[in-house]
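Each in structure tokens, the structures are laid out below.
Two complexes are shown next, each including subunit A; its partner changes from subunit B in the first to subunit C in the second.
Coming up: the complex of A and B.
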């Protein structure tokens, strides 16, 4: 961080530190050192004061010592030579009668992170393991882990490992837990600390002495244990029962994880455990801390995958508070969608309806899409709400509603009549690309039932010159083609204009190619065109969808109580909600783009790979087929992220070289 | 939506999460299996530039400079509406909380246990607040030596160590002229059997003050139906007792039955009951006695939550009529739905008004109404509100002929109050026995109070 006058400050501090008058006055000396630390924490590089600070380390004043250690630990790696000078003071402090001084010295000795100091540190660390004060032993135990971390490849003395194992029986619970942590680190290569029956039982018996951090640690490590008999398993489970309903979410979650892992082949037990934790989990959903609430809701989403009905009666707990952050509201709405049943659907929809007009547009759109999801099972009620929302004439709401309707008709074609009626006039309110694309798709697919469809398209075609979005142009092409098939008289002229523009004037290759493709397709005759453009429809026999099949617990048990559920769930639900494969293209998720772009490369591959007339005709159908599967697959519009692009580029480059080599070989032959 | 901006693949598929925590008050990482960095960042309001106030790299496997990505990431997510308490940059994950003007950030490169990290960050806030009263940029800067000391004791190598603030106090050499004291002081609890209480405490007059405090959270729908309600209770102690006293607290049975889950029919079910670590849980489980050696000074002995249908103690009916381009008329009726003998004090009914409203006029049957334009609220204050009574407030605002185009949120009406000598759940302290081997007499004092928590009533407008 830039800091004006940094050099000047450092010079001044150096003068003060080496001033004998300052050094002889403990308070002034300490205050000067304080200034150094303050300057350091402001981002100024004060590493130049290292040797002065090393001198300041030799003091009886604990406060001064602590300050100097803060400094040394920050800069030691830059000055390994000078740091050697501190080691004597530190080693002397390790003999101090005051356990606080001993633990302080030991901790900082290991925090210097200097491989060159290892030989000086080992002896005090060994002594520290046997210190009579628990606070020193705590530090010493972790010190060995730090030492190992400096030299991950070097073996730690077996005697030390044995001593650490025996310290698992230390009377101080923190020493015990630190031993677990240290052994996990030191024995990482061997898969961590050996968890056998005596150790497991010892740890379980002492679990109550630990604080929540220690309990979480122990419970995590015990996940590796496999009870030897069913009796033992049940003993462990009943011993852990009170932890399963612990009011501390981390402990409760760690216990559930342990339950799920040791009873992984007894689904009945797992389910019982899930039911047992629903109380504490719900309580965590009402926690005062929004982050805890968020974590709890995300984990509930995992549970619901296996036990969808688990929290049905408690749906009101997932109603959103006015001041809750959007990320919690979004997750809560996802949960509400899962909890819908015949009894509560009216209440839930009523509540969700209220969120649709939230000032936060993301929340509003998430609410609308949630209603759409419920619409798969309760179409009429939901369509009524969605149609009502169109009346508000707010662009972000209309956009979300149209997108939601598009997704809904794909899975529930029986809704299409209502949707067609509702769309009338929406085009005036729609602003954003996604919403307009959705409308275009609907106009293309259901054009025969929407009387104003040709007029809406015509306005857009007249303005296509000033249209900036690639996606809109592509969608417009497809929609006009489709409408032409069912209402040729009204559409022929505008289709001609659109194709002409796209082929003659459009500068974007994707749009041009797509237009050319359609143009040639029309040459193949109307039947062929119909086959291609209307080939893919959702199955009209799809009925009302009821729930999702429950998934086995094992599918998510491993990521329970980690970071994963917090960053994952939303993405999954999101892609789920995009029902129709045709829409995948509009999804701005990087992986969707990637697959599209890959399908694009597939087309090219077919072209370049064709070396006989026979294969050529094959490939032309392939081209069609792939363009049907993803009609906009030539679109690169939702930008590929730089990493993805690079990846793709390298991949294709490799492909080309390979092919080039093949060609060369061919020519030589 | 969560952090899938090209870094979504960064969650390492470690099968087992480590439970060590990585807060970034930018400090160094804690945890063997996870690397934690804590940062305290303070955003400068003017330009969103932020600076790292304190950084502690506990484990060293996340580079200190990673924290520089935090603020840009936060702003980017905020812009995209994807703000989330976990954000990733490369393979580094930032877990953060915000407290007043500070961000406390933990960093880790492991697939760590999220709730544990947040619990630790909140623990930090709790500890710092106890030390500095207010945790904010100024208090960190003024006390950063103590902050460094605390950070050293709270976590080592990324693992939480001593987090009990009573114990921590003994390790911390407060800055100041206590040179000699600092040198010779040995933490007594290091070897003590009772880690939360030091030996040799003396008071001239031995007393214990017990506060039973219940907060009511209510959410009422616009059509007047109660959507959710619960009671969050807390029993707090202020202990001024000499020596190592042994205390026993008796609560009324109704509540205790609820606590242990027996006889679910008649009693309220408590969920989420937490005891201070001093309470002997085994004793409680066997005979429902709450027995303990108390920490000295102030502490929270237990807390609980009751999820039950509570009749909202202060009921609000409101009619808000908005006549576009001309005026808003508000009529609010408040009714005390509690016993006639009780009185609610300092009642505040906060009614939202449109941000472009002007020229307020009020009429109240009791109390004062005041317009707070910076919060777009009318605050109706009633100093003393007896049970069973009903009061009215009318307000009239003008609206400009050119209206605010932006969509406005519809905040609910909120109510604040406190009712002394009363608990909604009916919890009561029956007795408090104090036994100390020196045999002194000590007096227990009990106070009850019920107050509003998150008390919201949605409106039609």
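Coming up: the complex of A and C.
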């Protein structure tokens, strides 16, 4: 591998290229050039051979020509002067009787990307637009787009633009599609090619002639068209119907995008299209290419937002294959959770249960949290599975189960009895921070029902000196405080030790402040402490459990058939398995609601739910500092970005001065 | 729109790099490779981004095929394009590997040049491309007729006694015209099974995805007619004939296929272009016409010494004359399993414990239909508890069933018209793979 001896190689190649013996033997000459290109694609800088390669360009051997062009296009920008030498050969080739040579010359002339050569290129390009051979016209049309992008400021001749418009009627479908692409680029500033009724109908009528790439391109451009009447709209839709169920995913997706954009104010049509497209999308989910599968599953997730019951009968298609990569499995599980209904819940849970012991810990944890989400509607069955999993005594499974249980209890308080019974003995298996935090939260909130809670805490308190995690220490403080409120006799002693350690010996300021805060809070009396610490135990926003409301199609139509659904999404579903539930359930509130929420609850917060420690101390300090008599709960407020927060804060300060009296009223609420 | 295309080896060596739009930094390839290797898991996500450059990649033949693009591009188009590119490279170079790509880089640059111009896909049809591609493919292994090592794969329906060598279909398409034209045509019926069998032995799910692939080495092929079973039917309502119907749920065809004789006689007509193409795709859910190929009867217990005993009986329900090959059962075992002792019912099986994937892998090279194999695995698990039994299973089975289609689809005949001058050979092959065959315990 010539990674190191780059210079040596270049010198050797130059010697070979300029050797007259090599030059006279076509085969040896070609092989030497091959070596140059090979060296180039290995990442060695061979730009020094430019002038030798320019000479090699003048040949009748098409293969050699192609090779030299690959080289020239890569290095032309470094050698603008020498590139002028190539132009003559290229212009001569443009007159060649062989259309292949003509198109090759034209393409590479425009690929040199040298602004200084534009004047030499324009004439052959104009001639190329009228060439007899379609392959030359294809290249010439895109050549104008390349030329325009070299000089984005300069205007392209209006005559050329007109010619490109007229070439939309070219008999060759690729020329037609290339014209669309070129015009889109050249007229970018005016918003792209003008899509009027005649052009639209012309394109639609010729759609069948194009290959799948051309079809998807045309369909994408047509998204800008707005039909003038309802009749026209339905004509277009029925014309496109066969493309909607195309076996080629790119065409199917582009057609659905077009459907959604032109029928955006006819929700019935959009929904019908979604139903129709579900067949081909499902077929893509079973495609041999795993990347295609992934794309299809991600887009199905979008569809399900609007039509939750759409694929209910096909839930088995989303069972994971055991050899599938973890990222597809995770998405499939997210889909399965959406598809659960009374008939299939047993089958789906059975399937998910199988994934919980997967070798891949990510898959196992995703399966467990999927079961937890199903548990919001079918809590008994799910809790049974989750409790069973605890018996495995494996750290990553136990941790995921405890976190899932915490999240489940937060939305379904009726599960708490089963959860409390199951927690016994978990602390021995738990290793990671998130799992232990979840356990501590549960012990604090439901301590009165878990008989061993004080002993579990005591062990942790004894070891607090060697504890490295800040989050655990904070959670431990809060849990011990909460437990003290309901079982004072058993907890008093260990709480004293913990507070003493945290205030006197702890070096971390957050923990120390928190401990001091609790200490002073205790001085205020038991009632006060209870008010602060025993807040809600469940998500107040959830009343009766209903399915997820169907969202309008317009909410996601714009990102359909883009890369967006593939790159995000995992984040969204993951958010509620991290940190304590109080801190995360609110973070998807739209901004419009913020000011309402803020003026109702007294406490504002800055950080998002990542660091529970920080926010606890912040908010509690607020409580104490503002000695308002009204009952307060801890930290039930939305996550706000710093800018939003500042904005709202300033707004509220202004309000505060105006309606200081009214505030009292709000807080009572 | 595609800005760059590059192909990397699994170790990150640059094999092919083509910049269509210009303006990308030189380090773009290394940025991609850093991102790919930084991710954990068995395969990183398909889409990654660096500022506003988006990488879409697929993995085929142990290589990374990467396209960079903008956020608004269609993932379906880009993925399909990369798949198609890999298929074309395979057609032109014969096989897909780091070595073949390295040896044929000039050919691949030429292909890329014709396929994509300025980031826009121009054509991927091999009929069009063959007029433009001039470079000849270099193959590492000379094509030899005597390479008959893997005979079992092929069912020679049209050529009764002859069997094609396994490498016959892995040669470059272009070489045919220079090497004096061995004009051959291969028609493959390939099915992939996805099956879940419940712990009570009931079938929970069975899907078959199938396709008919034509690989054509004829320099100029005229019309070809492929006759399917007469009683082939699509959908639930449409049943034909009185015999056992061959039914599929959904079926789609390549756009070049003419279906005028399909409704009456189940004949597909097409003019195949050189190289490989999928002529028909079909899919069947839940309702398989034949018995499942494999059944597993497991017994799992703990003995007094704290060992886990797994007694596995695996039955192959294929017709007696056929056989499954490369059967491999993956049995997940409890964490912390230390060692395995085994008793296998015949010498051509093997089993080993793979601690990193926490599974016992039981391999059977050839498994004749109508027979039954058994194995006794004794596992030493120091921390065995009753709950550990939950960790055993589900068993994943992978296998190949040569000469068998799960749907029963057959090719009655394969005719080329007009009759080709000179020796032309037609091969029909059937194979069913396991996509995912899961048996719960």
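Everything below uses one rule, namely that the second predicted complex is superposed on the first by the 568 of 669 C-alpha atoms of A that agree within 3 Å, B and C clash if a C-alpha of one lies under 4 Å from a C-alpha of the other, contacts with A are read in each partner's own complex, and residues count from 1 in each chain.
Following the convention adopted for this analysis, a residue touches a chain if its C-beta (ideal position, glycine included) is under 8 Å from a C-beta of that chain, and two chains touch if they have at least 3 such contacts.
Computed from a prediction, not measured in an experiment: that's the story for all the values here.
Colleague: Let's test your reading of the overlay: on subunit A, do subunit B and subunit C clash or fit side by side?
Modeller: clash
Colleague: Quick check on the superposed pair: does A:93 touch subunit B, subunit C, both, or neither? Answer first, second, both or neither.
Modeller: Neither: A:93 stays clear of subunit B and subunit C.
Colleague: Kindly classify A:513 by the partners it touches after superposition: subunit B alone (first), subunit C alone (second), both, or neither?
Modeller: A:513: touches no partner chain.
Colleague: Of the partners subunit B and subunit C, which touch A:391 in the superposed model: first, second, both, neither?
Modeller: In the superposed model, A:391 contacts subunit C only, not subunit B.
Colleague: Is A:170 contacted by the first partner subunit B, the second partner subunit C, both or neither?
Modeller: A:170: touches no partner chain.
Colleague: Applying the touch criterion given at the start, work out whether A:427 contacts subunit B, subunit C, both or neither, answering first, second, both or neither.
Modeller: Once the two structures are laid over each other on A, A:427 reaches no partner at all.
Colleague: A:321 contacts which: subunit B (first), subunit C (second), both, neither?
Modeller: Both partners, subunit B and subunit C.
Colleague: Considering only the touch criterion stated at the top, classify A:361 as touching first (subunit B), second (subunit C), both, or neither.
Modeller: First partner only, subunit B.
Colleague: Overlap of the subunit B and subunit C footprints on subunit A, residue-wise?
Modeller: Looking at subunit A, the two contact sets intersect at 34, 37-38, 41-43, 62-63, 66-67, 70, 100, 107, 113, 135, 138-139, 142, 145-146, 174, 177-178, 181, 211-213, 216-217, 220, 247-250, 253-254, 279, 283-284, 286, 289-292, 294-296, 316-317, 319, 321-322, 325-327, 351, 354, 357, 359-360, 362, 394, 561-567.
Colleague: In the complex formed with subunit A, which residues of subunit C make contact?
Modeller: For subunit C paired with subunit A, touching residues are 13-17, 19, 22, 41-49, 54, 56-59, 69, 71-77, 79-83, 105-106, 109-110, 113, 117-118, 120-125, 131-132, 134-135, 192, 194, 196, 198, 204-205, 207, 209, 250, 252-253, 281, 283, 285-286, 330, 332, 335, 357-359, 383, 385-388, 390-391, 393-394, 396, 398, 435-436, 438, 440.
Colleague: Using the touch rule from the top, collect the residues of subunit A that touch subunit B in their complex.
Modeller: 1, 26-27, 34, 37-38, 41-43, 60-63, 66-67, 70, 98-100, 107, 113, 133-135, 138-139, 142, 145-146, 149, 174, 177-178, 181-182, 184-185, 208, 211-213, 216-217, 220, 223-224, 242, 247-250, 253-254, 279-280, 282-284, 286, 289-292, 294-296, 316-317, 319, 321-322, 325-327, 330, 351, 354, 357-362, 394, 558-559, 561-568, 570-571, 574, 589-590, 641-644
Colleague: Note which residues of subunit A are touching subunit C in the complex, please.
Modeller: 34, 37-38, 41-43, 62-63, 66-67, 70, 74, 100, 107, 113, 135, 138-139, 142, 145-146, 174, 177-178, 181, 211-213, 216-217, 220, 247-250, 252-254, 279, 283-284, 286, 288-292, 294-296, 298, 316-317, 319-327, 347, 350-351, 354, 357, 359-360, 362, 388-389, 391-394, 561-567
Colleague: Could you please specify the touching residues of subunit B with respect to subunit A in the complex?
Modeller: Touch list, subunit B to subunit A: 1-6, 8, 11, 14-21, 31-33, 51-55, 59-61, 81-86, 88, 93, 95, 97, 111-116, 118-122, 141, 144-145, 148-149, 152, 156-157, 159-164, 171, 173, 175, 177, 179, 182-187, 190-191, 219, 222, 227-228, 230, 271-274, 277, 281, 285, 305, 307, 407-412, 454, 456, 458.
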